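Have a look at this one.
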Amino acid sequence: MITLEKRPEPSRFWSWATPVLAVLLTMVAGGAMFAALGKDPVEAIRTIFWDPLFGEFAFYYRGQLLVKAGPLILIAIGLSMGFRAGIWNIGAEGQYIIGAICGAALGLAFYPFDSFIVFPLMVLAGALGGFLWAMIPGILRVKFNTNEILVSLLLVYVAEFILASMALGALKNPDGAGFPGSRNFRSYPSGFNEEIIAGTGLHWGVVAAFIAVIFAYVLFARHQMGFQIKLAGQAPRAARFGGVNPSRLILFCLGMSGALAGLAGLFEVSGPAGQVSIDFNVGYGFTAIIVAFLGRLHPVGILLAGLLLALTYIGGEAAQSSLGLPAAAIQAFQGMLLFFLLAVDVLTNFRFRFGKREVV
Amino acid sequence: MDLSSINPILLVASLMVAATPIILAAIGELIVEKSGVLNLGVEGMMIVGAICGFAIAVQTGSPFVGFVAAAFGGAVLSLLFGILTQYFLSNQVATGLGLTLFGLGLSSLMGQGYIGIRPPATPRLEIPVLSDIPVLGPVLFNHDLMVYVALGLVVATWAVLKFTRAGLILRAVGENHDAAHALGYKVVRVRLMAITFGGACAGLGGAYLSLVRVPQWTEGMTAGAGWIALAIVVFGAWRPFRVLLGAYLFGGVTVLQLNLQAAGVAIPVEYLSMSPYLITIAVLVIMSSGKAKAALSAPACLGKIFHASS
Amino acid sequence: MSAVLELSGLTKAYPGVIANDDVSLTIQPGEVHALLGENGAGKSTLVKMIYGLVKPDAGRMIFLGQEFAPAEPRAARAAGVAMVFQHFSLFEALDVAENIALGMEHPPNMRDLAARITEVSQAYGLPLDPSRLVGDLSAGERQRVEIIRCLLQNPKLLIMDEPTSVLTPQEVGILFQTLEKLRSEGTSILYISHKLEEIRRLCDAATILRLGKNVGTCDPKVETARAMAEMMVGATLHVPERKPHERTQVALELRGLSLAAPSAFGTSLKEVSLNVHRGEILGIGGVAGNGQDELTAALSGEMPVAAGQLWFEGQDIGALGPNERRALGLLAAPEERLGHAAAPDMSLTENAVLTATTRKSLTRKGFVNWRAAEGYTKEVIAQFDVRTPGPHTAARALSGGNLQKYVIGREILQDPDVLVVNQPTWGVDAAAAAAIRQALLDLAAGGAAIIVISQDLDELMEISDRFAALNEGRLTPPVPASGLSVEKIGLMMGGAHDLEPVHV
C-alpha cells in the first residue's frame, strides 16, 4: 500500500526538480498523444523542442523565441504576485486586450504626429488600461467580497467583444478600404514597437519583461511587500495578525498583474501584431497561467518557463507546417504540462511511503 | 427596428432551451461544491462533452448515444481533476484552470474532422394533448428530452440533498471533512463520486450545446458557459431551485439579446452580445454583498485540501 | 466477570516517533477507567486504535471476549464502542438531529430521531433541541450533542477525550453525575484526561502513559495526585515562582467594548470593561467559544474597535492596526499557533519578521533586513530554549511546546508594555508550560501589564493577580485571584447554564 506522509518541511530539492520532472513526463505523454495522431513521436518532440533552436531554420525561429516569451513572462510575473497571495486573477487575457486597445487608441489618436514621445505615452496608456480593467474585479472583491476568479474571467469575454467593436468600428483604419482592423503601426514609426537588435526578436516588450523579472525578484526576496504577499497566501490569519491590510494587498496584486498584462498587450499590438484586429490576441493571458505555475511563481523560474512555453508555440508552428500536427495539439500539450506539474508537486510537501501499514 | 417581430411565446420556449446547458453544468457543479470541492474546470469538461457527444452522435447517427458519450467524456476528464486534487492533493483552483485549458485544447484536437458537419437532429417530444394547449403547450411541453432531464435533475438533486442519507453525508463531507473522517466516512471516495457526477453533468451540458442549441461543432463553442454555470452556483447560494432560477435568468437575457439583435435594435451587436456576461457579474456582486448570508450557505470546506494525517 | 476491553502489546509507530509502545490495559464492566498522560504521551493514538481510526502495527485487542480489530469507526460503533471527541466531530451548518444521525449506523427517520433525542437528553439531564443548528450552540451544548449521539447507540464502552476542558466547574459536576448514571447501568467508560483531581473524583482505575509507554496502573482514589503527576511527567515538577512585585499605574483599559461577531458562528463582545496595571497579570477564564478569540483580535488590532473603547496609557488606540499598536508597546500572542501566531510553512526567521518588524527595526525603507531578523530569531531560540535545528527550520516542523516557547519568546523579547496571550500553554508539555508561565511572571515582575486568556483554571490561579471570566461575550468584573473558590469561579463562568443535575 502506498501512503502519503507530510514532510516536516517543504523539500528544497523537489521544489526545483518537480518542474523538470513535469516537462519530461509531458514529453512522454505528449509523444504518446502524437503517436495516437499518427505522427512519429520522436520526430514530433524533436521538431518542437530541438529544431527551432538548433535546426536548419533556427536563425528564423530563435528570433521568434523572445517575441513569444516576452508577453508570456511579462504577464506571468504579474500573475505570480497574485497567485502567491491567493488572489486569483485569471482574466489576464482581458487586461491584455484592454491594455492593447487603450495604448493603440492613444497612438492612433496622435497619428500622424511624429515625435519620440508618442510611444512612451502609448506604453503608459497600455499599462493604465490593463490596470483599470483589473481594478474592476479588485474593487468588487474589496467592496462587495465578490469572487475575483469569476469576475476577472467573465471580463475576458467582455473585453473580446469590446475588441471586436473597436476593430470593426471606432479604431478601424479610415484608409483601409473597409477591411476590419486598425491602421498598422508599421506605417507609423513614432508608435511602432521596433525590434531593437535586428533578428533577435528583442523589442521593448522583451526589455520590459526582463525588468519585470528583476523587479519581482527584488520584491519577493527583500521587500516587505513581497513578504506580505507570501504570508497572505500561506496563512491569511497570520497575515492579518502581522498587520497586513488584505484590501490593499488585493488591489496591489490585481493592479500590478493588470498593468503588466496591459503592457504586454500594448507591446504586442504595436509591434509583432502591428494593428488592432479582431483576433490579434492569441491566448497569452491563459498560457501565462501555465508559465507562472511551471516557474513555481518564482521570477527566475518564470523566465525559464516563459522561454520553454514560447518554444512550444514556435515548435508547434514548425510541427504544423512540417508534420501537419494540428495547432490544437500544442494547446493540449501545454494543458498537459500544467497537469503533470500539479501532480508531481505533491513531492515537495509530501513523501511517498511504500509497504505495509496494516497489521490486523 | 421592429420589436413586434419578437414573439413572447417563442421567447420563453427558447429561454428554456438556452438555459438547459447551464442548468446541467451548474447542478453538477453544485453537487461537487456541496462535497467541499471547487472544480473550476466546468468550461473544459463542457467543451469535451460537446465534442464527444457531437462526434459519437455523428458516428452512430443517434443523439441519445451521443449524450451518453458526452456524459462519459465529461466524467473521465473530471476524474483527472479528482485524482490530482484528491490523491495528489493539488491546489483545486490551479487544477480546475488546468482542466479548462487542457479541455479546450483536447476538444479542438478531437474535433478536427467535425467542423461544418450537421449532427443528427434530437427529436422533440411534442407530448400529445399537453403540447396542443395554447401558450403553455409550446412553452412547456414541446421540447426535447434533455430539457426535461435537466429539470428532473434539479428536482432530484434537491430531494437527495434534503431527504436522503446520501445527501446528508455529502453535505457533512463538504461542511467538515475532518469530522466526517473521524466518524468513519470516506471523504475522498464521496468527493470522487461527486466530482465524477459533476463531470458527467457538464459533459451533458456541453453536448446539449453542440447537438441541440447551436447545433454544430466549432472550436471554443462553449464561450464561457462553464464559467457562467460556476457563477450561477454562487448566485443560487448552493440551492438547486435558485440555481434553476439563475439559469433561466441567464437564458432569458441571452435569448432576449439575440432577439434584439435580430430585430435590429440600434445598439451595436457587440454590446448586446456582452450583456449576459455583464449581467452575470452584476448578479454575482449583488449576491456576494450580503456577506453573512453568502458565507453561511457556502460549504465550509469548499476548496480546502483534505489529508487524513492519522 | 470478564473484562469489557483488553489491550495487549499495542504498538504504533509514526515516522520519527513511537506513539504507542507495547501498551496493555484492561477495562472491567461498569468501570470508569482513566487514561492519564501529558500532551504527546500517546493517549489519542491509543483511543484512535480502539475506535478504528488508526490501525496498530502490533498487538491485539479483545472486546467482550472477542478478537477485536475494527477496520473503521463504523465497525467499532457496530461492536459497541462510542467516542466523544475532544475537538468535536460536529458539523456547524447542520442541525442537532442531522449531526446525531451522521454518527449512527441505522438512524430512524428524522421525526422519530428527534423524539428520541429529546427523550434521552431529558433522561440524562442534558437537554437539547434537535432542530437547532450546531453552529449556534455553546461548547457545553456541543458536547451534549456528542454524548447523546453516543448514548443513542447503547454503547458498552464510551470513550471520552478530555471532556471537561470545555465545561464550567458546575457543568463538570453535572457531567460526572451523568457518567455515574451510565456506570450504574453497566456502561464502561474510558476517560482521558490530564486533570488529576477530576480523575481522583470519578475514576475507579487509572492507566498512566508516558512517551508512548504504559508506566503504571493504579487506583486513583488511593494514590495521591502528586504521585500520579510524577508518574505522568517522570520528574519532579518545577512550580513557577512568583517574585513579589508591585502593580503601578493602569497601562491598558477597555471601556464598554462592544464588537459584532466577525463570522456567522462567532461570538459578539458586549460591553467588555477592564483595566490592567503595570506589574500585574489579569487572568481571563471561560469556556471556549465565549469570545476569547474575538477579545484577542480586538486587543491585537486585527479587528478595529470603535472610538473611546480601547485606551493605552491614556491614548485612544481603537482605530490603530496591529503594527501601530506594536509600536506603542501592545503585543499579543493568539491561541492558534500554526496559521495565526505563526505561518506554518515559513521559517522561524520569517516568522520573526511577522511580528517583530516594528519594535526590532527589521526593515529599512521597506526592505527586510534578513540578517537582523535571523539574529533576533537566534536570540529567541537561545533565551527560550527552543529545541530546533536552527532559524531556517519551518514553524510546522517544531513540536507544539517548542513552537509555543518560540511564539511567546518572540513577543516577550520585544519588551512589551502590555502583552495579551490567549491559551499560552494549550497542548504544551508540562516542562514547556512551566517555562512559559515562569516567563510571564518574570515579565510582569519587570513592570509589564499582562492579560492571560485561558481555559485552564489551574493555570490562571497559579499566575494571575486578578481574575475575570468571559461568558457569551460578556466579561465579569475582575476580582482578586487569591482565595477564590472553585464554586465562585464556576459561577463567574456562567454556572451550569441551563443544565440540571440528573435525577438518579
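Which chain is which? They are A, B and C, in the order written, and residues in each are numbered from 1.
Everything below uses one rule, namely that contacts are C-beta pairs under 8 Å (C-beta built on N, C-alpha and C of every residue); 3 or more make two chains touch, one makes a residue touch a chain.
Quick caveat: nothing in here was measured; it's all calculated off a predicted structure.
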Distance-maximising chain from subunit B - centres being C-alpha averages: C
Highest-count interface - the chain pair sharing the most C-beta contacts: A-B
Subunit B and subunit C: spacing of chain centres that average the CA atoms, whole Å: 45
Subunit A and subunit C, separation of their C-alpha mean positions in angstrom: 47
Interchain centroid distance [CA atoms averaged], subunit A/subunit B, Å: 28
Residue ranges of subunit C in contact with subunit A within the complex: 15, 55-58, 69, 71, 300-302, 321-323, 326, 332, 334, 336, 339-346, 350, 353-355, 357, 363, 366-368, 370, 393-394, 396-397
Subunit B partner contacts - residues on subunit C that touch it in the complex: 45, 48, 52-54, 72-74, 77, 85, 88-94, 98, 101-103, 107, 263-264
Interfacial residue positions of subunit A with respect to subunit C in the complex: 5, 8-10, 222-225, 227, 230-231, 234-235, 237-243, 245, 353, 357-360
Partner subunit B, residues of subunit A touching it in the complex: 4, 6, 37, 88, 90, 140, 143-147, 149-151, 153-158, 161-162, 164-165, 168-169, 286-287, 289-290, 293, 326-336, 338-339, 342-343, 345-346, 349-350
Subunit B residues within the subunit C interface of the complex: 165, 168-169, 171-172, 175-176, 178-180, 182-185, 292, 295-296, 299-300, 310
